[in-house]
Structure formats: C-alpha cells, structure tokens
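Shared between the two complexes below is subunit A, which has subunit B as its partner in the first and subunit C in the second.
Moving on, here comes the complex of A and B:
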C-alpha cells in the first residue's frame, strides 16, 4: 500500500464496495432492483406510457388486462398502465423530497437537542410534543387549508409531520453516543463542539435514520394518496397512486384491476425500500459488517 | 485416589461463517478431590472454552467432537440436558468473570438464592424459612456482613467485590464437589482480589471443594493453585505443579509469559515480549503452534506437532523443552543496568539542586461535585451531597520523570488525571503547568497547553470513534489544531513510532486487536508532540505479552522523545517496573509519595503496605518476606468521608487518635512523604520482618 492511499481514502464515507456487498444479500438485491426500477420509471416513465394518462376510451371501460390495455382500464376507460407509470412520478416526486426534508430537519434538531441538552433539549422536546400531539390528518388538513392545496404544500406538510420522528430517533441516538469515552477523548484533543457533533456523532447516528427513511417513504406515499383523495393534494385528472386507489375502491365490485395495480405498486415499493434500507444499514455499520445476514 | 474429574482428548469444534475450526484439541487433565487446578494462557487460547465444555454450556455453534469428560463415575458427555441441569449447580458449580451482570437485577439476593436451592433439592423438603436460613449461613460464610438483612436487597445495592462473593455463595449452596471459576477476580481491585483468593482457599480447606481456576494472570494462579495447566492455541502446552512451573518452566511459551510480567524486581530490564500474535485458530501452522513465536525454534518444530510428553513432575508439549533445573535466568543479573537507567532518565539519585525543573505542579487540587439535588430533597431539607472525588492533592512532577499514581478504583485517580488536562473542572487549588496557572489562563493559552499535555484513556475500543479509519483518527489532531505541515508527523511516521504497520491505516478500530488499539491511542496522543503524557491504566484489558510490549514502547518513547509521564493504574507491578516516583491515593487524597524504591522497600503508610502485599507474585520463592496484610472491607463512599484519617475504617494499625485527628502530611525522609500518624510502626512491621 502506498503512503498516499490511506490518507486520500480515509473519511466518513463507507467502504467503496457497498454495491457488491448489497448484491450478496437476496433481500438487498430485491431492494436494489426495486429502487433502481422506480428511479427509472421516475425518469422516463411517462415516455413508456402507451396512452396519454387522461385519454378516455368509453367503449372499453372496467376491462381486465388485454393486448391493447396491458393492465386493463378504469371506470372511464383510461389505460391503467399509463396512469400507473405517471402516478409513480407523482407519488415518489412528492414522497421523496418530503421525507428527505423531514430527515434533514429532524437530524439537525435531534443533534442539537441531544448534544446541547438542558434547556435547549427541553425546548425542542416541547415543540416536538406539540407537533406530535395533533392528530396527523387533522394537522395536515388544517395546514393545507391555510396554505392551499398544491403538490409543493403537500411536501411541506408531510415533512413537517414526519420530522419529529426523525428528531426523536436522532436525539435518542445522540444521547447514547455522547456518553462514549471517545467523545471525551476528542474533547481532550481539543476538538470543537461542531467537530464532535458533525464528524463523530453524526457518523454514528445515521444508520437507524436510513432505515426509518426507507420505511417512511411508503407511508409518505400513502399520506399523499390520502390527501389527494380528500382533494387536498394532486388534482384530478392527474393520476397519483392514491387517486387511483380511491377511484378504484368505490368500484371494486365491478372490476378489481384499478385497485390491484396501485396496491401492488405500493406494496412492492414498501418492501423494496425497507429491504434496501435494512441491507444498507447492515453494510454501512462497520460494527455489524459480516455479523448479520440479510 | 480416584480423580474427581478426568478429561481425555477433548476436542471442541466451532462452526462459523469463515469455516470450522478446532477451539480445543487433545485437551486432557485430571482434577483430584480438593485440588485447585489453574488454567492459564492469553485470550484466544481456549481457556474459557474448557470451562464451557466442562459445563456443557458451549454456544450453539460449538460442538464437542471428540474426547470424554468424566465426573467421578459419570460420563458428562452422555447425560441428557435434564440430567445435566441437575448436575450443574449441584456437583458442578460455576463462577464467571463479570459479577455485575451475573445476577438478575430485579430479584433480591435472598430470592435468587432460595430459587437455586428449590431447583436442586430433590423434593421440596424444606420450607422458605429453612432455605432462607441456609442462604444466610452461606452468605455469612463468604463474608457478607449482616447477611440476614442484606438478603432482602437487590444486586445493585452491592459493590463488585460483594457481588462476586454472592456469586460464590450461590455456587456453594449445594456444596459442589467441583467449582469452575472463569476469571472470577479479573474485574476486581487487587485488595478485593486478594480477599476473594483467600476466600477460595478457605473453601477448599473447609469443604474440600476442588476448583478449576481460569485466569490470564500468572500471579493469581501462582497464589492459589496446586497445579497449573498452560494453554496455547487450544492445546495444553505444559502442565506442572505450581511450584515447579514458576521456578523452572519447561515450555518456551510459559517461560516467555513469565518473563513478560512487569514487576518491581524487573526495573530497568526490558520486558521479554513474545513476538507476533496468537495465531488464528482458522489458520494454524502445521507443526508446533508456538513455533512462529518461539525463541529456540528448530527445523523439526515445523514438521509434526509435538506430543504432550510426561516429565518428572508434569507434562510438556515440546520437542526440546527447557531443562527441569532452571539455569540462572537473566532476571537475576540486573543491578548495574537498572541503576544506570534510573540515573539517566531522572534525578532520582541526584542531589536536589541538580534535578530537572518542576513541570507540573498540583497545589492543593480538589475536585468536588454535587450530586443532583432534586426538588423533593430540597423540600425534605436534605443537604446536597458533595462527592469528594479529589481532595487537596499536592504533587510536583519534574521534567523527564515517570510518576506512578496508584490506588483502588474509587480512589479518584482517573478524576485527577482528567482534572489536570482540564476535562473536569478543578474546584479548589491550582494546576500549574510550566509556570502557567490553568485557572487564570486565557483560551489561547489553554489551547497551547492542550498540545503539550495529553491524556491516554483507559478504555480500549470505545476510546476511538468507531466509524472513522485509523488514518483519519491519526490526522485528526492536526485538523483540530491546524498545525503547519512542518510540525506534523505523517500517518506513516506515527504508525511506525508506535510499532504498527502501514496496512493498519486503512482499517476501522474494531478491525484491530486490543494491543493495536492501545497503540493507536498512544499515537494520537503523540501526534501533537506533547511533553507530558498522562496514561490511565495503559495495559488494562490487554494480555500479559501484549501489555509487556506496550510498556516497552512507553519506555522507549520516554527516552526517545523526552516525555514526562504520569501513569495512573491500580496495578503496582506496572508502576513498580516503570516509574521513578510513586504516589499512592486513597479516597481522593494522597497518602504516600516517594521514590519507587523507597516506597516498595520501606512503605510508610498502611494502605501502601496493604497494596504491596496484595500483589500476586508468580514466583513464590521471590515473595517478599513481609507479612501479608489483607485489607478488610472496601473503599468507603467519597460522599461521606470518614472522620480523622480517611483510612482508619480499614486500617489494621488503627488507634483512637486516628478516628479524630487527620494525620499531617509530612516528609519522613528526603522526598518521601506520608500521611500517617503511626508511620514508624508501619515501617517497623514491614521492614522488621523483611530483614
């Protein structure tokens, strides 16, 4: 090994062979495939759609899968595949930024509260408690009524209601990590509070957040769906998985297909992200590396 | 006499993801009734696996693949799980290392002891009263005062030493014929360790219990055992009566282990460090497993594995064992070398005027802290309780000196170390470093001082940030202090300085061994080119041979870089070996300070005398002829200091005056200070019998 190599590579960033490690775990592979597939659909999905998502074909309503409509049609004769592909973009495009924003806000709050302790910690907890004390849906509806329904506002509202969860998980982790002797060692070397929090503590609290993120993503998609259903989110005829679900649900006795596809999509996404998150955690945590099988 | 326990050709295989390996191979020994057999070796040598196999408590991936274990007439390997349960705890009892976690925290001691009896009595023949009485009797026997009342307390009410006594009491309930003790004293202080060893000897004498005693500490083994088994890489390499073994070890590994123990007698000599590491069991060499580290290895050692052959007193697994009569060991040929070293590195023998200047001055330093004072406490009018962690400590350390700070846990040593580097506030007195009063210093001056004084923490793995690579950890001090490139060492230089290879730079802390982690800790402390190092328990948690290497390294670095050391430890062997001056601390205060030689040879405080006599000495012949002074009880709480002399509650020399009068701090000979009213009496006793 050359002398320069360790210096250049040493950092908080995990080992470079994350992907190959991931490929060795069946659940990880499934997760990875799902995530990559969703990303692809996100990027080019609407181009693949055989029909415009709002095009109605009244002569073929409530049909099952056929050659012309691979996944069937809904009660207005719209092509389900086209709607599902477009809906993916809406669903993830809302859920991902929302959860990411929640994570960032929660992370910062949690780090500060946990490390500073005392009054700052108490104040933060009071704020978190206040937000969490509201019934989620009521809070969201109230906020959306104030802000007005739009995709951007849905993102803000979801981020706001999800952030306390991240803040709490982060704070609990920080409280545990900061009792470790190595924090005191850093202080004895003269490290600043910023360095201790953002180099040493941060690296140790991220892992559980990853998995929380992966598991929150589907629930954010569902939330978006619910809000859209109530008329506060995505406006029809734009399809989101939620809109499709609620449309299909009221006509489930006529045809199961409109409910089946978005449900399946939601399920696969949930599982995929959860497995991906768990595999990622196992790999990224150097202490767990090799000790756990996925 | 028929042996109580006979183990023959025992082989244990572990199945792991990396493959299967034999943790034990061809292990055979006997234990006679009433005999204490010691099993010794470094970590990873299979000592604990022997204990687990004897109890048939191997982890699920472990399997006994060959051999036989016979307890009296009974073949333990043929017993069903049900039968085994009846045997364990009745015929066979076990005591484990960690007394803190071996007791169930939610049940009282009395309940737990009664449960054990219920489980083992054939029929529920006795009522609760009877069980309780029996439990109380056994607890009293192992030295729990007021056993009747204390039985209703929970484990957390007891200190570590007390809990280990309780564990022993539980093991004793059924009068087992064989007790297996796996490192039972390793987490205890020397004084408590001595008490527990004494207790075990008494048990053997009174009940005729046989004991298999597993330890990494040769000194402890020598104190207690009749016969010793030395293990290496899952094999028995030597077996001999304790006296023979420590006088004339036949196997090179045993010899090397013995030579790597630091002690006062070895002052000035380098410790014999065994090169290399214990080989991985997954990848053992073909021939003798010790060949790679052996000092007198021969060609044939690499071919076949040597068999365990009988000698006149025991067994040894070596083609070319050392002769049974010990030649003059180099250990005895010291003297001049020691003297030179001592003179060269410090001013121990120089006149006061020639000595190097004082670099660190502790003047009346105190560190008191308040326990949380709750609203309820205030309403009830309880005064806030103040913990006197460090109480009026005054000590001057000169440049280039190595000062040892010793005391039991709870004596405030670590707190003092942290107070010196400013991690804890000093609530009274002054810490002056090189003329700079830390309390009055500005932020920049304090930062500068941080560079010059470094603390090496006692924790091993938990003292390094777990998600950062070694290279980053080594460069971090520079990132923090933004030193110019000219004043930096490179990562490679730092690694080399502490004897690590460059491959280690790319690893995470958990991928290193304990010794390597300790070296990284030292390297990080050295990165800023400090002049003064405070080393808190530098060898805790390390095997003897690894500890020897660390001590050698510290000594080399001191000479190379002109460092001054304050070594904080409970292990008198280390400071006796390494330090020029010794400071003995008890309950937050210094009780004796003096040149190491004087303190070791003529202690002037009963606490020092007690610590010295608690040192487990491997070579019984070399045991100082002074009477052993076994301290009773444990260190009191620093919340309510005893009146008068703070040591009077445990002092064997105690007189009425000690209870009321705090002893003055006086210089009894040049540079030798003590805080005892009756130091002359103490000295008479220690010196009188030694002469």
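Moving on, here comes the complex of A and C:
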C-alpha cells in the first residue's frame, strides 16, 4: 500500500488529500485495496502462478480445490489459479489501452468540435449520435464480426464505442471554458488557435476525463471478458477471464469451479474499480476541479 | 415544444438513416473479399460466384446500397444465407421472446429498485440506506453475464430450483414463467441498482425544494409531504429513464439468451455472427437499434408529458 501511494497521488490529480479522503470511505478503501492488489498481480502475477497457465495435467481433470491445485483444475487439467493470475494481465492489458485510446480519440474530437463550433460541431454530434444509436454490445459484435476476433480488435472496438462518451464530456467542458476571459486575453495576445486549444483549453478539460477513465475501466474489463465469453474477443488458449468462463460454461454440470473463480475475479475487479472511481469522483468533484483553475 | 419535437424527430431520422447506411455498407468494410471471408478459404470459384450473385455483390456498390434501402422500406431485409428464410420472418419469430424477457427484467427492476430507492431516501444515513447504496453499486458494476452464470450455477445446477435451458412450454404459463425467472433476474440486476440510486437521489433533491419547505411550514405531516408531494415530482426522471432502460435491456439480452439458451433476437444475432451470416446480422442489428432509438426517443419525449415545466431549448447542450 505504501509503495503505491506516491504513484497514485502523483499520477492523477495534484491535490494533497486524496488518499486520506479516500481512506475515510469504506467503499473507497475496498476500491483502493483491490486496485493495488491488481497492480501487484499485474506486476508479479506470473511469478506467483504455481504452474504455466497452459500446462495440462490429464490425471487431474475437473478437480475441486486441493493442496496441489489451490483453486482446482479445468477440463484439460490446467491449474485454475495460474490461469486466473495470467488472466488478470489480459483483463487489464486489454482494458487499459482500450480506454486510453477512447480517451485520446474522444479528447481530440471533443476539442475540435467544441472549439470550432458551427458545422463541424453539428457534424461531430451527428456522428456521435449515430454511434450511440446502436446498443453497445450489438455494435461491438457487429464490428467484431467484420474485423474477426482477436485481442487487438477487441481493443479497437472498445475504444470506438467508448470514445463518444469522452468526446461529449470534452466538448461540454470546452464550451464552458472557451468563453472565459482568459481565453479572450490569449487571443488578443495573438495566440494561435492550436495553442489555445492544446495548451489552455486542454489543461482545463483533463481532470474530468481522468475521472471518467477510472469509472470506465471496470466496464472495459467487463466488456472484454464478455466479448471473449461469447467467442468474439480474446482467443483461446489465452486465459482471458471470459475465455475461462466460456470453457467453464460449456461444462457447468461437470464442475462449478471453472465458472466460479473467473466470475468472482470479475465481480471483485469491477466492483473494486467502480468503488475506486466513484470515491475519486466524489473527492475530486469534476465541477470543482474544472472551475478552481478557470 | 413543437419546434423541439420536429428537430428531435429530424435528428432521429438522420441518425437512423446513417446507421442503416453504415449497416448496408458493413459488408464492404471487410478487408479482402467478403465472400471468401464467409465461405472460407476452401470455397470453389463457382460457389463464390453463386454467393456473390445471391448477395448482389456483383452489382456496383451504390446500387447495392440502394437495393438494401428500398428493401428496408418495403420491410424486406434479405434472406438467410444458409436456410434462405426471409430475415424479417426470423426476426419476427425471435423478437417476442426478447421483448418478454426485457419487459420482465425491467418489471423486476421497477418492483425492487424503486421501493429500495424510496426507502433509502426516506431514511437517509441509516444502515439500510448504506447497505442499499453499496448493493446498488455492486449490482451496477456486476456484468449481466456474470450474474447470469452465477444464477445458473446456483439455482439451476447446484440446487435444481429452476430450469436452465429454453423458454419452456408456451401453452403453460407456469412453466413459461419458471423459465423466465432466472434470465430476467440476471438482466434486472443492473437496473435494480440503477433505479434505487436514481430514485434516492431525485427524492433527496426534491425534498430540498421550496414547495416542500412550504408544505412543512403549513404543518402537513411528514408522511403526507413525502408520499403525496415529494414523490410525485421525484419519480418523473425515473419514469423517463425507463425508456432508456428498455432499450439497454434489449441490447443486453444477448448474453442472457446465450447463457440460458433462449431463442430471441440476441441469440439470433449471436448465431448469425458466429456463422458469418451477414444478412441476418445486418437485419438483427438494424431492428435492435431501431427499437433502441425509439425507446430513447420515447424517454426524451415522455419528460414533457410528465413534467410540463421542462423547457426544451437547452437540451442539446
């Protein structure tokens, strides 16, 4: 915990009391612990894994928890704990780049639309409305049907469907900031449009985006696992939690464990990240964060 | 109001047009040859040529788009690759199951979520309120398929209280209902949490309003003020949200239909995508998004009818 503290403080928002505020909320503490634990597993997880994730132990198939296999084994005798730990990497390693790409794409789109206004703004809004006219899961599946299932394509598809959210938030922030006197001062001093957008306005729209990012991570994790569960995401034998669920689901009457563990992992992870994100949002009220410097 | 209505409807038409265009051209976005992607690498040239002709892929692209559009307007979405059934008929058979599932899910969410929210708002900062708050977030963050799998594991596999597969016997309402309980519960979780939070927040907000203070100042009883005056206004945003809920449940039904092996629109699309049956995928996605857009439109408009105070000028901000 102590190791992660300076990193967590430095990375997101320059405000001194985030951690102590967080510690006063039970849900926030749970969130923080989960996030730190996941970060640890991400860093050293494969070292903790007792077996290689794809190693088959044919004489111990579909077994419950035991001394040699702490969480039991799947239908090929693969160690569930090892697969679960490796799966953490897949979950975060897919969700994080996806959400980050969504943020970047949405940020650029929102900055341009909000600052340019007029036709460009209207056009952007129509595009956003169109993307959001599809139910998310259905749009993702339709796109993956075209692109084919793979980890890279899952990242692309999540980024595409999450980007409109960031674009809207950015646009709204830009509209709020752009009429401020300090922007007018900049303009009268001869600053270029690029400089105004990417230096002055950008600085004022980032904080809410990072909070949105923290809140979106759990849904990106859930989305990856869901798509992989349906067979349109990460491909087996890579032990994504969704792939493990899919393996377990088709043999749910033989053994409950292959379904149970990844379900619990997903539950704890999404819940932890959600609590963490919500606590962050409550502490660093985006409206306050935006107006404080404006 | 009228100008807003026209603008909102106009936007809906534009969005529907663009999404249809997107779906129509979907096949052309595939890198490489769509026919090869569909048939696989071992297809003979004559097979490829036949499929190409069936799909109209031998025609120029603008003509293909036009064909699809006129088809949609006539209610013709093409036919299944493999069985040659009309896509509209397949959707017509699947849709009622999904609609029933979504309505049941939403009904369950209303039945549990709204009372929870009201109770929490009436007793803020008690332990019931705190537990409800945590449970709401837990339900909101729980993916529908995890909920479905755990319910299936617990109530259909370990304890065989409910059936795990299918929709049951349609002529026997009890059997049909028994098949509906677990899937609709899995689907409802998110919205139970969501509604509980929403209702709590809006009730607490309304309780701060001046007219509530006035009502108290007149000496009306707490119960009367809360249930007669506060609740009436507080429930408006929730009722308007239900349209959006319906739309999102229709989209989310795919996981639940796969897990509980239910026939339905989601399942139909899932199977079609798995077998790369593009006409079915296209039709299914089109119908789902039409319903989704329609639900959102209704949600938007219902605001006005429920609360005449709402002005529409600023809604696009």
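Heads up, the rule we're going with is that the second predicted complex is superposed on the first by the 191 of 294 C-alpha atoms of A that agree within 3 Å, B and C clash if a C-alpha of one lies under 4 Å from a C-alpha of the other, contacts with A are read in each partner's own complex, and residues count from 1 in each chain.
Here is the rule we use: a contact is a pair of C-beta atoms (placed from the backbone, for glycine too) under 8 Å apart; a residue touches a chain by one contact, two chains touch by 3 or more.
All values derive from a computational prediction rather than experimental measurement.
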{"item": "Touching partner for A:106 - first (subunit B), second (subunit C), both, neither", "value": "neither"}
{"item": "Between subunit B and subunit C, more extensive residue contact with subunit A", "value": "C"}
{"item": "First, second, both or neither for A:164, with subunit B first and subunit C second", "value": "neither"}
{"item": "Which superposed partner A:187 touches (first subunit B, second subunit C, both, neither)", "value": "first"}
{"item": "Which superposed partner A:225 touches (first subunit B, second subunit C, both, neither)", "value": "second"}
{"item": "Sites on subunit C touched by subunit A in the complex", "value": "11, 14-16, 18-19, 22-23, 26, 29-30, 134, 137-138, 140-143, 145-146, 149-150, 152-153, 157-158, 247-248, 250-252, 254-255, 258-259, 269-270, 273-274, 276, 278, 281, 284-285, 288-289, 292-293, 316-317"}
{"item": "Residues of subunit A touching subunit B in the complex", "value": "1, 3, 5-7, 9-12, 180-182, 184-192, 195, 199-200, 203-204, 286-287, 290"}
{"item": "Footprint of subunit A on subunit B - complex, ascending", "value": "17, 418, 421, 423, 447, 450-451, 454-455, 457, 459, 462-472, 475-477, 479-481, 490-492, 502-503, 505-506, 508, 510-511, 521, 524, 528"}
{"item": "Residue ranges of subunit A touching subunit C (in the complex, touch as defined)", "value": "27, 125-126, 129-130, 133-139, 141-142, 144-146, 172, 175, 218-219, 222, 225-226, 229-232, 245, 249, 252-253, 256, 259-260, 263, 266-267, 270-271, 273-275, 278"}
